[in-house]
Amino acid sequence: MDSERYQRGWEILKELDTGVSEQLANLSEIAPEFAKYVVEFPFGDICSRPELDLKTREVVAVAALAALGYATPQLKFHIGAALNAGCSRQEVVEILMQTVIYAGFPAALNGLYAAKEVFRERDAAGS
Amino acid sequence: MDSERYQRGWEILKELDTGVSEQLANLSEIAPEFAKYVVEFPFGDICSRPELDLKTREVVAVAALAALGYATPQLKFHIGAALNAGCSRQEVVEILMQTVIYAGFPAALNGLYAAKEVFRERDAAGS
Amino acid sequence: MDSERYQRGWEILKELDTGVSEQLANLSEIAPEFAKYVVEFPFGDICSRPELDLKTREVVAVAALAALGYATPQLKFHIGAALNAGCSRQEVVEILMQTVIYAGFPAALNGLYAAKEVFRERDAAGS
Amino acid sequence: MDSERYQRGWEILKELDTGVSEQLANLSEIAPEFAKYVVEFPFGDICSRPELDLKTREVVAVAALAALGYATPQLKFHIGAALNAGCSRQEVVEILMQTVIYAGFPAALNGLYAAKEVFRERDAAGS
Amino acid sequence: MDSERYQRGWEILKELDTGVSEQLANLSEIAPEFAKYVVEFPFGDICSRPELDLKTREVVAVAALAALGYATPQLKFHIGAALNAGCSRQEVVEILMQTVIYAGFPAALNGLYAAKEVFRERDAAGS
Amino acid sequence: MDSERYQRGWEILKELDTGVSEQLANLSEIAPEFAKYVVEFPFGDICSRPELDLKTREVVAVAALAALGYATPQLKFHIGAALNAGCSRQEVVEILMQTVIYAGFPAALNGLYAAKEVFRERDAAGS
């Protein structure tokens, strides 16, 4: 029986339409509780809070993940989520370009190449 | 004679009303050209681009700087700039809370304590 | 009314005897829900899991926080918690020394100086 | 003729049974002295110190490497070493889950996927 | 029409003989202005300054990029540029070995393996 | 009785004239063996290798430490060491300015402010 927090997180994930089910299943094979936490804490507790709309939440996600430099799989996930939450491709590119200021060219370039892959995958899928 | 890029950057900095002049003068004592680059590249080249409005630019800045964990002086500067660009204090707090997802509790806590200091300084200054 | 997760987290914090109440009150002034999450998620969800004992949890905390290099306040908190969970001072020093392998001399040295401060504070407090 | 430090380090590496010989040979092609330092300093100087047992040393290694986020090859090595030093798979998963607190979801997820690969490789090898 | 800064940056890139054209074309597909900034700011503004010669500039690049740990594509680019600017392979290996002090073994090892790939590619190309 | 590696490292430290004795004594109070390792491994093993001269070693140190963003005490130490090894103040400033490319403005600015402090301290000491 899922917690209220889980259900709230799951609603956000459905709205972001990120195809996360497969990834959670993959994670559940090794750490089923952690797959639950992924839904409950970041999405159920944090991103469901009404103080920021979902598009702004994804701006935050893309900016923070790009600045880290090493979080490419999670950045690709949130580039897709940002597009689904109403960011245009140009806006995503602009966010990534801006991270050069705070984290330097390698982080920004890795982010832009990640965006290029996401855009290409969506073009190939016709989405 | 200032370059067009410098003037464009300076306009952004005036709009953000960050009292940056003193900091640039401080920097100029050791690296005058770098003080010029600070205006020209991040503000003149990047943040003046019209694809994102200034409030969104500051959301990106706060999120990226908080995720780095070690950029407290720059984060405090951009928390102030975010408030001046139209973010409410609650929105700034929400952005910082959200960075816990990507960068963990120390980075988010350091960011929230930095915000507390900025809010207190502005309260003390009556701004 | 506190959640079960909060109460579970609070039990852990009491066992670690870290004097966290003041810090949570401080945090609550700016982000009361985040102060709640700090108890619920890291302590209520994660550290209360029985798969690792509390002493091992604190070995993990000290090692991870020292490796980040910038998380000094949180590292000092967990050096104290490690001592309260049964680590000797020498064991804490050994953990910090070992992080030189993974994160280099600055991170390890910052960690060792943080430990020195914690030890001195406890000596001064007679604890 | 190997130094005493090298021999002490080599004993630790044998005990961890990590199949490091091939990696050291690979490294020696470009930086033979560095391959020597890898044995002498982390293993001969640090991890051979008796203040922590080898299992605890590997808890420290897994926690610190996962927190860095970018050290996947070294993390996989030490996940294997942790298992050989007496950690159960569940304990390794718990350590990695706990790093979410200090370094965020991307670092913890990258760590868990690395563990999944190591477990799969060992299953395939029947070890 | 290219800016003076662009032309100055391009001269540096030609002197470093890094075959950057293909990479810039690749980047231009998603972010054409960013491809322009890559030439103008790091190379036109910074690396063209006469206070350090080009070989020293590449020592700085290799050391800083290796210390970050996650910037492998950019590190490979600058290992090649360092060789073209007059560093010997042994000097590049020494710089990378030295980064172990500041950033630990994973960063240094990742750097050394990146160098090995660059050397092998150049051997294969007969350059 | 000091090892040969210790003596070799100590020679380098004397040549760099960094007043390290006080810092090592401070460290020895909590971790005497680590104070020994600090001399033996970074200075005795690595920086004493003849493949790079001491001035280039300090260029590497300043670049790598500035890129990390959080290593201010160690960066200040090596800014002083770089000056003693023959770098001019302008060269140190140039190295720090260049790190903006790889690690962004916060890391470069933190580095430049650290240099300003070191220069001021030396001016005050008349050195």
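Order as written gives the chain letters A, B, C, D, E and F; numbering starts at 1 within each chain.
Convention: a contact is a pair of C-beta atoms (placed from the backbone, for glycine too) under 8 Å apart; a residue touches a chain by one contact, two chains touch by 3 or more.
Model, not experiment: these values are computed from the prediction.
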For chain D, the least number of touch steps when starting out from chain A: 1
Neighbouring chains shared between chain A and chain E, ordered by label: B, C, D, F
Same or different contact residues where chain E meets its copy chain D, judged by the half mark: different
Most distant chain from chain B by Cα centroid: D
Chain of greatest Cα-centre distance to chain E: C
Distance between chain centroids, defined by C-alpha means - chain C, chain F (Å): 30
Separation of mean Cα positions, chain E and chain B [Å, integer]: 29
Separation of chain B from chain D, taking each centre as the mean of its C-alpha atoms, in whole Å: 40
Rounded Å distance between chain A and chain B, as computed from the means of their C-alpha atoms: 24
Residue numbers of chain F (touch at least two other chains): 33, 37, 41-42, 49, 65, 68-71, 74, 93, 97, 100-107
Parts of chain A lying in touch with chain B, wherever the complex brings them together: 41-42, 46-47, 49, 51-52, 56-57, 59-61, 63-68, 71, 74, 90-91, 93-95, 97-103
Complex contact set, residues of chain D against chain A: 69-70, 93, 96-97, 100, 104-110, 112-113, 115-116, 119
Chain C contact footprint on chain A (complex, rising order): 33, 37, 41, 45-46, 49
Interface residues, chain F side, partner chain A - complex: 100-107
Chain F residues within the chain C interface of the complex: 27, 29-31, 33-34, 37-38, 42, 65, 68-71, 73-74
